[in-house]
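My questions all concern the structure below.
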C-alpha cells in the first residue's frame, strides 16, 4: 500500500452500520499502512436522509458519518446522488458527487414517450425531479404529503399538484427504501388518470417489503442503478437496472490522474 | 467577561463580509477575555444560499462560515430560519434554529382570508411553503423556474404548478434579497388570476433595487420580520414588520438557564 | 437534555458494529441537543483485542474506535476490564477503567478452595492472572501456545508452564468469545492432572459455538459477569453470572458528583 | 484546479474585512475543487497591528486571521514585511515573509545622501529602522511618544532621541495608514533642524486623510511599494512607488519549484 | 483531582527542557485524572526569546511550546512579563500575562533618584523601557547594537542614543541570562558619564557566568524578582530580589473565583 | 529543506526530557522550513514504560509523547522494539516498529547452545520471550514477581515458573535501565540451577548503577544493540553490542522510496 493512491469502494446499504464500520476499519488499516492517498468511494451514502434537525432530539447522522470517515483517515470522498446537495458541505475533505441522472435521462429519451410528465413523489424530491424534467423537456408535477389532525387522529394526506391526466408519468427520487412512499405515489397517479407510470430512482435500497410492494404496484417499469447490489430474489420483471460502473470507473481514473471531473459532465 | 455566559447578537446582512468579520473578532476578543460560554446569535445567516456545490468551481460558503465561527471560538450558535435545514449540520458546535413561521402564521390567521392558497416562489421554498400551508390548512402551489436553450439563447421560464385563480395567494420564502424572484412570482400569480397577493418572508435583506421593486409590485402586503434592521427609506406602505425580539429574548433566557428550547414550540 | 450530565450505557458485544454505530449516533444526538457532559459507558469494549499492529496490513481498531467515540462528542469514557491497560491511552478524553476482579476474587475466596492454582490460558492473560493469583495468594501457571512449522504444515502447540497436578485450577481471562482457547486450556489442564477446573472471565461474549463448547467442557464452573447480557439459551448449569450493576452504579454516581473513583478501590 | 499548485494573491488593505473574506472564500473554493497545494499570497497583512493584548478586552486579530486562513484550507502563507516578526508564529502552516527593505535600501543608496540619519517614527518601528540604518551604514535616532496626565488632561508628547540637526532624515516604518504618526514625526524632525526629510515605508494603506496630509507635509519624498494598489487620486509628486512584483514573482516561482527562498536573500 | 480547579506552578528556567517536560507530564496526569480546569502557571516562560523567524532555518520555539502546553491539556495559561507581547497570540487557550513593572516602579520611586534616565540595553527592550520611563516620568535612552563588516571581520558595535552624562541610569530588560548584554551596557553607560547604574529586570535566569559578571560589574544595584528561584550561591550584595508571590497569589485567587484580573491593574 | 524527505534520528535515552525536547524543536524547525515530509526516527522510545494507568494519579506519558511528536509536525514515526505493541496505537501518524529480535536470534543460533531455555524476567517480558523462544525452538520459563503483605511489611517475592535446572538460560527483555530486575533474575536462575546465563535485551539504557551491577552479575554475556550509544566507561567484558545500523538504514531507504517495509521481515 505504501505510497499508493488507494480507492476503497464500499456502498453503505443494508446492513448500513455493518458496512459503514467496515469502511472505517478499511480506511484506518490502509492509512496505518502508509497509503499515499485514500479515497472513500461510497456509491450509496447510507445515512443521507438524516441530514437535518427538523425536530428536537434527532441526530444529524449524515454529518456524523462524514466526520467518522474523516477521522478514520480518508483524504477524499466520492459518491453518487446524495439525498441533498448540502451533504457535500458536511465533509471537511474534498468530495465529488456524481449523478446518475444523465444515464437515466438518456434511457428515457430512447423510450420516446409521448405526452409525459415528471412527478416528484414528495417534497424532498422536487429539485431532483425538476432537473430531470428540464433535461427531458417535460412538465413537472408533485405530490404533497401533509399531516393533519382530524377528529383526534393524525391523518397523512397526499395531494397531487399539477396535472397527469391521460399522460405517462415518471416518478423521480434518489432512493427506494421500503417503497411505501413511491408505491402510494403511483396509486395516487393512477387515481388521477395517469397512463403508464414509471419510476427513475438511483439507489435500490429495497428493504422489506419493497420487493413485494413493487411487484404488486401500478408501475410499468422501475428504473434503478447498481450503486447497490440487488440480489436476484429482490428483482422482478418491472425492475430495470442501469449500470454506473463505467461512470465510476472513468471518474476514479480521472481523480487518480488529476484530470478534471467537472469537464466530464460539461462535454 | 471572565466566566460569564456571553451572547453576541450580530445579523450578517449587508455588508455581509464586514458584519461577519466583526462577529468573528468579537467572539475572539471575548474568548481571550475568558468568557465562560459564548453563543453567537445570528438572526440572519448571510451566506445560507451558498450551501451546496451544484456545479464545479463554486464554494460552499455556508460551511466555511460555520467553520470560521467555530475557529473564532463560539461554543453555540443560535439563528432564525436558515435557508436549508441541513446548514445546521455544517456546524460542529450545538445550534438552535428558531423559526418565525409561528409568528407569521398567527398574523395571517387573524386576517381570516377566504379561499387562499400558499405559493412557493421557487423550488428552494417548497418545503417552507408546505409547512406554512399545513399550519394555515391551505392548499399549496408552486412556481417552477427552468432554463431552456431555445434558438440559441438561454431562456428562464416560470410555470405555476397548482391553482390560484380567483384566490388570495401567499408567497412564502426565507429572504428577499434584490426582490427579483418574488416580484416576478407576484406578476405570474396576477396573470394566473390571483386576487390579493401577499408575501410572508422572514429576512428582509432588501438589497437594491428591492425597495423600488416592492413599491411597484403587485403585492397587497409584504410581511417580514426584524431579524435585519430595515432602515426607514427602504420601507413603504406595503411592508409590515413583525418582531422576533420577544422570541429571541425568551430563547436566549432559556439557553442561559438551561431550560428546553424545543418545549417552547411544542406547547 | 440541555445542560444535563448524561451517561449513555451501551456494551459493544455482538453485533459489535451495530452496537457501536448506535452508540455513536446516540452520543451525537445528545451533543447536538446541548447535553452538559456526555459519558460513554461501555461495560464491554468490543474491539479491544485489535490493539496492536503485530503484522503488516492489520488495523488498530481499538484506537480507531476510541477516536470515533471522541469525534461523536463524548466527554468521558467508562469501561470495565479492557483487554490491555494501554487501551486507556488510545483515548484522548479522560477514561475510567473499572475491574470486576474484586468481585471475582471475593466469590472464589468464599469457595475456600484447598491447594489451588491460577492459570493464564495464554500469554495475553498472564498479567491479569498474576493479579488474580496475588489477591487469592495462590501460585500461578500459564499455558504457552506457539506455532511451529513441522513437516510442511503449521502446528499450534500448547505447553503448560508451572504445575497443576492434583490441584484445583482457575483459568483467568478477560473474555470468552468462541470459547476455543479456554476450552482447549481446560482439556490441557485435565491432561496435566488438574482436579476441579474453573474459569473466571469478565466478559461473556459467547459467540457460537461457545455455549455448546462450554456445556461439553471439562469445567466445573465458569464464572462471568453481566457486562454483556447473556440470553437464557446461551446459559447452562456450569455458568455463574456475577453482577457488576452496583459497581457501575456507584461509579456513575461518583463521576456525576465529582467524587474520587480511585478511592473506591483503595478502601 | 485538480492537483494544481495554486497561488491566490490578495492583499488585505481597505476594505480589509471585505478583502479578507474574499480571500477565505477563494481558498475554500479552490480546496473543494481539489487543488494540490494552496498558497495564500497576502503582500499586505491587514490586521498586523492588532498583534498583542496590551490591555484587557482587546482582540489579537492577527492571530485570529491566521487561524481563519488555516481553517479555510491554505497550505502555505506568503507575505511581505509583517508589522512584527512574531506574527509568523501565529501561523500553523509554513510561512515565508519577504522584505522590501533591500529594494528600499538600494533606492536610497543611489541617492548618495551626505550626512543622513535613519529615524524610527515610534517605538514599534525601532527594529525595522535599525536594520535599515545598518544596511545604509547610517546612524539611528527615534521618536518616543508617551502619554502623560498633566493638569487633568492626557497629553501625547513626542521626544526625539538622537540627533538630526543639519542632517537628511529617513523615517522608516512598515505602513502609512492615516498618516498621522509619520507626518507629525516629520514636523518634529523639521523643528529639530533636519534638512531633507524622507519616508521609506512598505505598505501604502493611505486611508483618509493620508493623501491630503502627505501632500501638505514636510516630506521631500515618500517612498512606498506597490504591495497595495495606490489609486492615482491618492498619489502626489512626493510619492515614489517601488515595485515588489519581480521579487514576489521570483519567490512564487521558487516555492513552486521547491527551491530555497532563503538563499535569494543571502546571495 | 476530580472536578477540581487545578493550578500547576512551574517556571521553565534552567534546565528549561527538563522543567518544560515535567510541566507537560503534570498537566497530562491531572487531565487524565479528570481535573475540572487546569491552569498552567509559568512565571518565567523559558523559550520566549525564540519568538520569530528572523533568518531561515530557525525555529519559533515560543509557538511550539505554546502548542505543547495546549496538547498536554491545559485550559488556561498564566505568566509574567513575556519577552514580547505577541507571544500571547501563540496560545490558543486564554492567557493572562502579568507584569512585575508596577512592583519595580514602586521600588524605584522610593529611591527618589534625582536626575535619572531609563535606558534600554538593546532594541528588544525599548518598549518595556519606555513604559518604565513613562511610569517614573523619566527620560529614555537606548543602546543600539549593530553588526558591521570591517576589514574582513564582523564587529559588534554599540552606540548610546540619548543622554546619560552625569545622571543615574536604570537599565530595564525582561531577563538576565548570561548577563553579557546588560553588563556591557553598564560599561558603555559608565564610559558615557553615568553616575549610579541600576538594572530592573524581571527574570533572573543567571546562567553562568552571570553571577560572576554581575559581581564585577559597574552596577550599583540589580533589581530582579523571584519568578525564578535564585540559589544563594548565585546572589551577591548587588542583587535585590522583589517578590511576585502576593501578585501571583491574588491573580490565581481571582481566576479561581472568576473575578476580573484586568481590574487589578487599573485600580 | 524545502520539499525534501527529512529523517530526524534521535534516540530518547538519558537525559530523556532533554533529548525529547530537542527532537520536538528539530521537527518544528524543519516543518517551518517547508520540509516535504518529516519522519521522526526514534530507535529507543524513552517513555515506553509509562504506557498505562494501572493506578490512579499516574500519567500515560507514552501517549503524551506521541501527541507531542504529532503536534511538533512529524508526518511519520519509526522506532525499534517498543515496550508494548499497543504504543503504536498511541500515534495518530503512521508508524513503523522494527524489531532487533531477528538480529539477536541469529546471534544466539550461532552459539549453538545445547539444552537451553528462554526466560522472561518479569510479566511484561513474557510475550517478547515467547517470540524469542519460538524462533530458537527453545522452551520458555518466566519469573513472576508479586507483592505480599507479610507481618506488616511489603515483600517482593519472585518465583520461577518453569524449569532451568542444568540448562543454559537466556533472559529476554526490551531494555535494561538500572539493571535491578534482570540482575536479580539472573541470581534466581543461578539458585535454580541454571548453567550459563545470558541476556538478550534491545535497549542498553544503563542508568546508574547498571554498569556496576552487570559487571558483578551472574551473567556470562549480556547482548544488547546500539539503539542507544553506550559510552566506553559503561561497557565491560560481558557486554556484546549488535548493530541495528544496517537494519535502520535499509528501512529508511525503503520508506523514502515507498517500498514495502513489511516485506523485509517476511523474506
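Read from first to last, the chains carry the letters A, B, C, D, E and F; within each, the first residue is number 1.
Methods note: a residue touches a chain if its C-beta (ideal position, glycine included) is under 8 Å from a C-beta of that chain, and two chains touch if they have at least 3 such contacts.
Only a predicted model underlies this, so the values are computations on that prediction, with no experimental measurement involved.
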Could you tell me which chains make contact with chain A and chain F both? C, D
Higher C-beta contact count, C-F or B-C? C-F
Taking each chain's centre as the mean of its CA atoms, which one is most distant from chain B? F
Among the chains here, which has the CA centroid at the largest distance from chain D's centroid? C
When chain C meets its copy chain E, do both sides use mostly the same residue numbers (more than half shared) or mostly different ones? different
With centres defined as the mean C-alpha position, give me the chain A-chain B separation in Å. 28
Please work out the Cα centroid separation of chain B and chain E, and write it as a whole number of Å. 54
Can you work out the whole-Å distance between the CA centroids of chain A and chain E? 63
Hunt down the residues of chain D that sit against at least two other chains at once, touch-wise. 32-33, 53, 56-57, 60, 63, 95, 260-261
Would you mind giving me the full set of chain pairs in touch? A-B, A-C, A-D, A-F, B-C, B-D, B-E, C-E, C-F, D-E, D-F, E-F
Spell out the part of chain C that touches chain B in their complex, as residue ranges. 2-3, 31-34, 36
Please output the residues of chain F touching chain E within their complex, sorted ascending. 1, 15-18, 20-22, 24-25, 28-29, 32-33, 53, 56-61, 63-64, 67-68, 71-72
So, in the complex, the side of chain D touching chain F is made of residues 76, 94-96, 255, 258-261
If we count contacts the way the header does, which residues on chain F are in touch with chain C in the complex? 51-57, 60, 62-63, 84-90, 95, 97, 123-124, 126-127, 130, 133-134, 137, 139-142, 144, 146-148, 159, 161-162, 260-262
